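By letter and in written order, the chains are A, B, C and D; residue numbering begins at 1 in each of them.
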Amino acid sequence: MIKVGIIGATGYAGSELVRLLTSHPQAEITCLTSQSYAGKKYAEVYESYRHIPYICEEEDIEKMAEQCDVIFLALPHGVASKKVSESVLSKCKVIDLGADFRLSDLDTYEKWYTTHYSKDILPEAVYGLCEINREKIRGRRIVANPGCYTTCSILSMYPLVKEGMVELSSIIIDAKSGATGAGRSLSLPNHYCELNESVKAYKIASHRHTPEIEEQLSKAAGEEVIISFTPHLIPMDRGILATCYATLKDSYTYEDIRAAYEKHYGGEYFIRLTKEGTFPETKWVKGSNFVDIGFTVDKRTGRVIVIGALDNLFKGAAGQAVQNMNILFDIDEKTGLDYVPIFPA
Amino acid sequence: MIKVGIIGATGYAGSELVRLLTSHPQAEITCLTSQSYAGKKYAEVYESYRHIPYICEEEDIEKMAEQCDVIFLALPHGVASKKVSESVLSKCKVIDLGADFRLSDLDTYEKWYTTHYSKDILPEAVYGLCEINREKIRGRRIVANPGCYTTCSILSMYPLVKEGMVELSSIIIDAKSGATGAGRSLSLPNHYCELNESVKAYKIASHRHTPEIEEQLSKAAGEEVIISFTPHLIPMDRGILATCYATLKDSYTYEDIRAAYEKHYGGEYFIRLTKEGTFPETKWVKGSNFVDIGFTVDKRTGRVIVIGALDNLFKGAAGQAVQNMNILFDIDEKTGLDYVPIFPA
Amino acid sequence: MIKVGIIGATGYAGSELVRLLTSHPQAEITCLTSQSYAGKKYAEVYESYRHIPYICEEEDIEKMAEQCDVIFLALPHGVASKKVSESVLSKCKVIDLGADFRLSDLDTYEKWYTTHYSKDILPEAVYGLCEINREKIRGRRIVANPGCYTTCSILSMYPLVKEGMVELSSIIIDAKSGATGAGRSLSLPNHYCELNESVKAYKIASHRHTPEIEEQLSKAAGEEVIISFTPHLIPMDRGILATCYATLKDSYTYEDIRAAYEKHYGGEYFIRLTKEGTFPETKWVKGSNFVDIGFTVDKRTGRVIVIGALDNLFKGAAGQAVQNMNILFDIDEKTGLDYVPIFPA
Amino acid sequence: MIKVGIIGATGYAGSELVRLLTSHPQAEITCLTSQSYAGKKYAEVYESYRHIPYICEEEDIEKMAEQCDVIFLALPHGVASKKVSESVLSKCKVIDLGADFRLSDLDTYEKWYTTHYSKDILPEAVYGLCEINREKIRGRRIVANPGCYTTCSILSMYPLVKEGMVELSSIIIDAKSGATGAGRSLSLPNHYCELNESVKAYKIASHRHTPEIEEQLSKAAGEEVIISFTPHLIPMDRGILATCYATLKDSYTYEDIRAAYEKHYGGEYFIRLTKEGTFPETKWVKGSNFVDIGFTVDKRTGRVIVIGALDNLFKGAAGQAVQNMNILFDIDEKTGLDYVPIFPA
């Protein structure tokens, strides 16, 4: 059994990790920590756990590194980079669900986020977008688990960018997320009566997932990609839908586009292409690790419109983190992740 | 592997059965049928199944009985009683998720429902409320899976009624259900904009789950029990909350009440008693087979108030049906059912 | 024009008052105050007011009393009783939306709430349940505006209690409220993802609206009434539904019951009795001052079941407060309140 | 008093018209008709009307034209063009809430919709986007009330297109709508459990509001405009948010953009520009005739992002129709429409 530690287990992403790992047949939770709830029963923080006597412990990453095979970090940005050290990595694997190790360009990180405290370790981290970087992930000591919006956005656009089928300067991603994406911390915009029955855009032209998408699409393109990215908040718990627009470089048909997606994703279990004329809805992937992708060619405007959907806490966070763990420990990538979406829910 | 057939697989309860059985380690779906969608891919009916190529077949129960070890029926009332026959039961087990075999009193059935077409088989059916009737279920050929409201209501009140602690004529159950309880058939009251952002009672003093609750509580009490039962529709997908009121026969304390619940449910994995001062919320059991129960003694009025919560499609329908299958086939009752509730969702 | 001051204008009840009074043809807002937002534009607190330049002022009730004809208080309990004084009342009318002047029994108030700081003024206050106390309200200096649950509960049961048709000890009120009832203050239970898609009971057998309902029903009955009252939280913004149970003293028919309601409410514009077989839904009264009431006789149990519905911010708070103002200033009671419910919304 | 007839009063747009006109101080409903519910009380179709005894009548437009000063049509496309005739227009004004008279280009109409049956009358119709076409509307006999998506989209982009500040070929509008936009007719996608807790795009690159937006923006630009328009369905009752992207023709600043909006909308009561850094949310305009518009310049990409919000049943349908009536009858444009948004709701 893989011995697992979770630091920051009481946020929504952390709790989803606890849920998935509790049922994982080849892993067991050795230790879970929480700054806010240390000493409390986990079931008092999440009453869904009434039947399991987890206790929230004080964090001591060095000690955990000795007891665990892998440590998951689910922390605010800027905190993880202070915790990971050579000493920790020499003893166990680290999978970071936060942003600190996602951007390989240090300047970009410090411009969009804050000071980075593990500059020496940063080059070693691999961007854990499993379907794209699977082979690079194997054998690594530290994996940067991608963001929710970014997983959905990059996977939606990757084949077109990789195959050079779209004008790179034309990419616009209009994304919609459920409220769990904003976490469990209290704030007026996430107060029930303020968010319910409403839709809004936020962090327009300034959301921190923008450079993450750009860096990965740039790598795929072999040249710099600058995009417009607009996140929206939707009155629902889970789900991200990314509606992506790009101008086609040539008069490609639906079949041309489909061929590119089949080429890259044809063998991917967790990516499901919708059939022509059908498009993803977030409800069809809820509670699962699937990413559904559909697309159409708009001949009137010469654009391709691609729509991707995933569950932001599952494939967009904890599910992909477990998928990365499965890759790191050389077990079947689907282990503990092969949930049929729960519908309706 | 237990070979399973599902008749009526395209309603919400049927689809939840398909979901649970798809992941069940000791069962496999041999055949699933649908009157409305025969010949279609199941993934066209529920796009959550894009990755699994189930086909909806025409129903032929006699043929299915030969191919399957157990057949689940998820049909409108009055239909199942026409399909089940001695011939079928001689070849395989039957678990009926509908109402046709739940009431042992034929007159009560025909008064609240319709003509019964399997009067000869009715006496053989066992009421599949697993925690209460486990031993009676073993070895049976046909199990009547309880209703969603009834599972929640009976389990909430059973210990108090069985132990003779409440005035039987004083029982009032005010129940609240999510919209999946009304099924997938189109109707104005279930049109999104009509149901959303509203709450209402319906079938007041006339809901068909009333006699089912009464028959079971009467058996527990050893005398006739007549209750008030009022269902309400809540703007959410899943979940039932039953708020139960009864006058105490004596000046019982919280501890007295708790002792009764511990006596009957102390060893039950799927029943979780909340601690004193905490009460169930439907969200804490969503996507699981758990029933959470809490209670308080109101000294001012001499009443006990008991609150039970479950997921109506899971423990209230498909989950309990699978639990009955596990009992019938003598495998661990939790097999394929040990889901941690999904939260938030 | 009636000159109006509002103290505590930035809570949900306060903001509904601002909304209704902004459109009231015979009133004008002279001053609105907020402890949290003093000095800010009201439109920064509620962006629905982008077109109206209200400013949140510091509270100075003595000064306001000189400038205004009436002051509305929308404050936490225990605060209003500190602010109201003989000096204030000598200059202007006061309508308190909080609990401080609702209970005429001081001991009951201090048992369920906190110390009362205006014991001398308390006897002068009238309970502003307009349809019942209209004549007592006229000419008063201070009106205690009823609570949301209580308005719905009392109006639902009043005719039966007043006419002596039910066993007083048998009354049970199972109430359901939207989330605006919990106000705008941040708390984990009101965080979107915690409240959404769930239902729960809270403050079971201990909610502070209980003694308020009891005091008013006792006055109607001419003897002490003790009830069970259980509030529930529903995932929606607005609306209260009260499901009321009581044992009938005699074998009354539906027509007998209806006659009692017609006797007391036949001439009331804001109370709408549903026709037989139809029951209230909160969505049908949203955005209006109406209370819809329906009922049925359950011959099996000898109980009457009464269901009332209102909009908790409108008739349950600000609307009734304006109705009280209209009575105090001898203008048509419907002035500024005759909204058709907004549907669907 | 303006005598009003409403044909098609029982759809959601029709019912919103009934609501607004019931409270309109200078109009009275003389007749309302319904194909589905003729002969029934309107309160049986919408129980919000329990207090008003409207009756649904059989439609006879010629007779109505004699009794009414204005007739509103709220009908499926293709039906209105069969009903409007010279005879009707010679007797009364017509305001059509459907699509039949919105496109001045007949070929475009017949390509996107169906055969047009009033080709002779079409040239006379004016596009009733009040803030843009106010002067053209005065004195007309027939007004085509704009669509919900189109009102939001056109008003959001008009100043930039009119002032020639954006590349016309770059315009992308990603729109989000609440479920009332789909109407009251039953369909699986609008079944509560299917739509709730999910987000999806639909009619991608093929929605019929596309040519309507294009025709109006083309008129503003003085040359042909082709856009991408993608509608999305949001789990809420009311509201449309349009997120609009366009490439700037020059390095305009926020102030430059703002000046264009102030120039065109500075005097418009029902258009509210948000302050810099703040963006519209649908909840802030719910239940009102306001359109809120905000924007930002994204220097990284050279794009302007404009966000508009309105209530689709109010300004997006019935409210604007009443605004058109007010213009036609030369009364204050705000009459009967000056609602403060209802919040939270």
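Things to note:
Here, a residue touches a chain if its C-beta (ideal position, glycine included) is under 8 Å from a C-beta of that chain, and two chains touch if they have at least 3 such contacts.
It should be emphasised that the depicted structure is a prediction, and the values quoted were computed from it without experimental measurement.
At the interface between chain A and chain B, over half of the residue numbers appear on both sides, which makes the contact a same-residue one.
The most distant chain from chain C, with centres taken as the mean of CA atoms, is A.
Chain geometry summary: the mean Cα position of chain A and that of chain D are 39 Å apart.
Mean C-alpha positions place chain A and chain B at a centre distance of 36 Å. Averaging Cα coordinates per chain places chain B and chain D 46 Å apart.
Multi-chain contact residues, meaning those touching two or more other chains, occur in chain C at positions 12, 180, 193, 196-197, 235-238, 281, 286, 344-345.
Of all residues in chain D, those touching chain B in their complex are 12, 179-180, 184, 186-188, 190-193, 195-197, 235-237.
Chain C contributes residues 12, 15, 19, 22-23, 46-52, 180, 197, 237-238, 269, 272, 274, 278, 281, 284-288, 290, 292, 338-345 to its touches with chain D in the complex. Those residues of chain B whose C-beta lies close enough to touch chain C in the complex are 169, 172, 174, 176, 178, 193-194, 196-202, 204-205, 226-228, 230, 232, 234-239, 241, 243, 245, 279-283, 286, 296, 298, 300-301, 303, 305, 307, 309, 344-345.
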